Amino acid sequence: MTQANAPALRPRSTLVVTAHAGDFVWRAGGAIALAAARGERVTIACLTFGERGESAKAWREGRKLDEIKAIRRDEAERAAAALGAEVRFFDAGDYPLVATAELTDRLVAVYRETQPDVVLTHPAEDPYNGDHPAASRMALEARVLAQAIGYPGEGEIIGAPPVFYFEPHQPEMSGFKPQVLLDITEVWDTKREAMECLAAQQHLWDYYTDLAVRRGVQLKRNAGPNLGLAHKTMAEAFMRPYPQIAKELA
Amino acid sequence: MTQANAPALRPRSTLVVTAHAGDFVWRAGGAIALAAARGERVTIACLTFGERGESAKAWREGRKLDEIKAIRRDEAERAAAALGAEVRFFDAGDYPLVATAELTDRLVAVYRETQPDVVLTHPAEDPYNGDHPAASRMALEARVLAQAIGYPGEGEIIGAPPVFYFEPHQPEMSGFKPQVLLDITEVWDTKREAMECLAAQQHLWDYYTDLAVRRGVQLKRNAGPNLGLAHKTMAEAFMRPYPQIAKELA
Amino acid sequence: MTQANAPALRPRSTLVVTAHAGDFVWRAGGAIALAAARGERVTIACLTFGERGESAKAWREGRKLDEIKAIRRDEAERAAAALGAEVRFFDAGDYPLVATAELTDRLVAVYRETQPDVVLTHPAEDPYNGDHPAASRMALEARVLAQAIGYPGEGEIIGAPPVFYFEPHQPEMSGFKPQVLLDITEVWDTKREAMECLAAQQHLWDYYTDLAVRRGVQLKRNAGPNLGLAHKTMAEAFMRPYPQIAKELA
Amino acid sequence: MTQANAPALRPRSTLVVTAHAGDFVWRAGGAIALAAARGERVTIACLTFGERGESAKAWREGRKLDEIKAIRRDEAERAAAALGAEVRFFDAGDYPLVATAELTDRLVAVYRETQPDVVLTHPAEDPYNGDHPAASRMALEARVLAQAIGYPGEGEIIGAPPVFYFEPHQPEMSGFKPQVLLDITEVWDTKREAMECLAAQQHLWDYYTDLAVRRGVQLKRNAGPNLGLAHKTMAEAFMRPYPQIAKELA
Amino acid sequence: MTQANAPALRPRSTLVVTAHAGDFVWRAGGAIALAAARGERVTIACLTFGERGESAKAWREGRKLDEIKAIRRDEAERAAAALGAEVRFFDAGDYPLVATAELTDRLVAVYRETQPDVVLTHPAEDPYNGDHPAASRMALEARVLAQAIGYPGEGEIIGAPPVFYFEPHQPEMSGFKPQVLLDITEVWDTKREAMECLAAQQHLWDYYTDLAVRRGVQLKRNAGPNLGLAHKTMAEAFMRPYPQIAKELA
Amino acid sequence: MTQANAPALRPRSTLVVTAHAGDFVWRAGGAIALAAARGERVTIACLTFGERGESAKAWREGRKLDEIKAIRRDEAERAAAALGAEVRFFDAGDYPLVATAELTDRLVAVYRETQPDVVLTHPAEDPYNGDHPAASRMALEARVLAQAIGYPGEGEIIGAPPVFYFEPHQPEMSGFKPQVLLDITEVWDTKREAMECLAAQQHLWDYYTDLAVRRGVQLKRNAGPNLGLAHKTMAEAFMRPYPQIAKELA
């Protein structure tokens, strides 16, 4: 194991750690599409397919577990492709998603392989779905372990990439307070296309379109002058569990 | 009164609202020097000279109120000049600093005149010095009023510039949690020079140098890879009461 | 002054205390319409017309202060009529709304006259509009004073009516966490009609319709079985600063 | 597995999930007795007998583990009978109570069998007894899992019943802030009778009587007019982790 | 004005700042009696008589304002004498108690005259009585001003004496979390005697006796071994807004 | 198993529970040295050697796991000896430190053997190192279990000794607010000597010296008059998760 060198030779890298197959689309599809549009690498570590907890429609239609997993995998792969990202499935089993040493180990390996400059994951709280905080805890723990030269495994150790929590379904009940409003207007069509890959959750297409409008209104309300914002700005909201490193206040 | 147009013709503008004459040096000298070094305009609205509450040495030497004000004014003007900023004194009287409609009105006028892209002020809490929160409340109130076309007064209305709270003397007791760590390494000598203009508080020169070192260590601990940081990074810490507007997560 | 007796002879009474002329419509129109539909009395104490801070369009059209006040008064009166409520204007001046002993005194008199069973007002925080917390503080202070037999003035003292905070424009930034989700489906058309009385703020009609949809989705997500909810439930969210008094857990 | 239908045919159902044999009596005996008095079904899932952590007297008398379990079981059964509820013992072992997949599974089965309209459990924090938060976490996790059609097991899935946290022994140290004050005056004698079934903890009989008096005083202090409260109102306090669903503000 | 010297020549001094005439008895009577029993000086700055807000019985009996003030003064003086303290009345008017520069000035003078080693006052929040936080804010502001050599007035400047918040009537609703549990067993009879001087509030005698028992139980539950506590320990609870200075951890 | 008797015959005892070999030196070396200097017993339960997470230098030098453990053990033993304390290594494995029933059991045994009057451990949060909160949770859980006569094992049960959280490396990011400032001036040289036993972390010697200076400045800023503090006071900061038991307010 050697430490990173010559970092400038590779493009910026984003790692997204999510509990279920659809999460990265609804909550961070804009951020992913923006990074991909800049020519950066985006890797999604999808811990489960959401086969038990987020596939009610398929269960009601009488489908079997393996069939449901296959459907969710297919949908997620098409959505990731639409956004310009690569998705990896851990198939760790959902509802409940249970942390294990082996899962953490696999996550550390992905951190060291992808050398992320940015990490996206669920926030620490969600009283409506325990899998989300479980994924968040694992993502954060693996990020710290992957920095330690003494933690065994392949690959180079990583730095301390900034972490962003994406927005949960019921933000106020999950202690979610927007700290970053990301302008995703220019990739909005791509996000909508990715959402439409998730056929089983059609009722969420408009819900998350409305959310992007609302976060866009909030963005404009919090913007200083001179920003040249689009008339209809679309946005995604994030929190930062660690401080921002800055060269300039803005 | 007309609304802003042709904003691109003027340089970026920073407005710093502080309670006492020395505050802008200890707490935001680096941020000010960085902005000035980029050719931007920095205006400091200094509500009082700190003549009663932060001039113990002068009182012990038997000086009179007017004399003390003159000393503090002179020191602050020299420090501002060293940083590359303009300072305006409101002479509102400290210990306690009391909010009045007239003070707010004068602050609104400064906002509209300077059209700030960035606002710096004290955080909302400080159990050791009530003047600091009082200045913060006035700074925030005036910022909102200055945005309203219906609020009377000269000048154009402003947008909603981002606000940064600078670090208080006892951060943990004032609910201060660093949300932005600003790298001030390249202007450190300038900040030190400005601090040394404040002869009456010589015991704070090293104290705030140590603080900058410590915040620099923290900056590096929170930095991702590839940032090319200086070996001895100096930093200032800030909070954001409003969400950051971003085009990219970083 | 005598204490309340024979309370059963009067209908239930709701008192709404707001900063500006439009607030009661956007934020509590459903709650007001529901109460009115049950035959109850609803009184709105509207502290200002929002003439400076929430009438940007009229100012841009070049209207004068008195003209703007008249417009806002007219709109609010028609909206209140649509909802089935009575509105009283205090004309205390907005941006900023400043608490005075005389204003508090007038509010105490309204409490004692209307003998509210329920009080609605703004939440305690709003970093985007200081008039809202100012109105909230006055509403809560007057509610406590109106309970004291020793506080001078006409009318009977009141009990300790429950207080509900209605939803601010940027809930997450104002510490707003929904504690009560009120089903307003059956009066939705009435609320929409009242919103449409506010011609100057047409851009908010759809915004608050979307909000009602979203709070309705949240209501259903938090509802137990057997509630027989409408397919498209519309809702308003509230907080409770004081504990709920209950005869049954539900 | 089929989804709920014809829900109106069964009486309302309350599920109480507690760590130790005595908890449901001290903390929720009034709420249980009220529900039972209305002809509703109340089921208590008692995860342990409190045999190690809450039976100091028996251990000091030299009793053996099995003997202590039998005593606590007997006491709890008599107390439950007095209140009009059914108690089920999980015998999961206390001090510490450890969450397992099997325990969660059994709890999910009880949720699906009893189809609760209301859930009562411990709050999320208790720095004096880790078993209480452990029981709370399991109760909440099982409640979410029991809603998912994809989670395997017998019985119908459930809705999202409201949850109430009952009061811990040291409320201020456990982040407990009363959000609901339940008037238990009419069933007070029943609660006292149930408490007196717990012979081993006789020192708590008066302690929890005093608590009910104090919460009753607080109830009256927070009550609006016209409630016709008893002179000596007895009460229990609860928190709500999820928002209340309401048809009317009161 | 000269700075303190020869401090060892005077006994320890405690300053209690309260809103109303009865507060010091119910909330801090034990702490006061303990200090007095050690031969220390205790001064109570009582900002109002509680003539409007806490004298309902007298108003119901038809008494006049001046008569009520005289009654409350007399009661408070007898209670203070029972505890061994001196009480000073500011007669600032209650319900609402309004901060003024003149009141603050008088408080600064008391600080400088009494040179307190310990300060007791109300906590920062009380949603049931705004006079309590108002008194607290004034007590804390005057304490800071009295430390400044530049603040005008008679007497020596003071150090930074520790502050203790005493317990409000509804602790959980006022953000009150016990941080210090003071054993008042040995002066309990004195506190009870002082309470009984407050004839108008007889219903509170037992209420605050029960509170002392409960805080005593909590004290024992939080006590390490070897403390030799009384069987029936009586206690008062306090918060510390500033850190404790210690020579030893205990 | 019998309950404690004749407690007065043994000296006061302090138990320090830490995650890694160096923690007790940087964070509590002053508190330990003070206790030892008073002739008290101090026992350090060191759960891991910090062999993976806090030994980067040794890994970079190419050392093996066992070698690194031996180095860290040796350093820690010399540091403990310098402070006057005994250290026990649990060798539980770090990065991540995982709680097990067996570890808890061993900790309970240490509690019962050492009968601590004071417990020191990490605070509950640390987003930079998950081992610290893990150690804290185990320390607190074992402390509660060791109080229960029903929890099996050798030795007498313990009382409820006060707990102090020592300061983490990034206090503001870990929710750390100083509640106790301990004057360690008289043992400062001893702490420095112990720090210098940790050769691998030489960059921290000055860092923690500066921290002690800064906490000393804060101590003086929060000290009342008459304390006779050293000109250059050195201090350590602590939090209290449980209330302080006091015989006197100071």
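In order of appearance the chains are A, B, C, D, E and F, and numbering begins at 1 in each one.
Operating definition for what follows: a contact is a pair of C-beta atoms (placed from the backbone, for glycine too) under 8 Å apart; a residue touches a chain by one contact, two chains touch by 3 or more.
Worth saying up front: this structure is predicted, and the values here are computed from it rather than measured.
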### Query
If you tally the C-beta contacts for D-E and for C-E, which one comes out higher?
C-E
### Message
Can you work out the whole-Å distance between the CA centroids of subunit D and subunit F?
### Response
38
### Message
I'd like the Å distance between the centres of subunit A and subunit E, where a centre is the mean of that chain's Cα atoms.
### Response
53
### Message
Using the touch definition from the top, which residues of subunit C touch two or more other chains?
### Response
128, 173, 178, 218, 221, 242-243
### Message
Show me, using the given definition of touch, all chain pairs that touch one another.
### Response
A-B, A-C, A-D, A-F, B-C, B-E, B-F, C-D, C-E, D-E, D-F, E-F
### Query
Hey, which residues of subunit D end up touching subunit E in the complex?
128, 170-173, 176-178, 207, 210, 213-214, 217-218, 221
### Message
So in the complex, the part of subunit E that touches subunit B is made up of which residues?
### Response
101, 104, 140-141, 144-145, 148-151, 241-243
### Query
Considering the complex alone, what residue numbers of subunit C touch subunit D?
4, 7-8, 14, 31, 34-35, 38, 115-118, 120, 158-162, 164, 178-183, 218-219, 221-227, 237-238, 240, 242-250
### Query
What part of subunit F is in contact with subunit A in the complex they form?
51-53, 55-56, 59-60, 65, 68, 95-96, 98, 127-130, 173
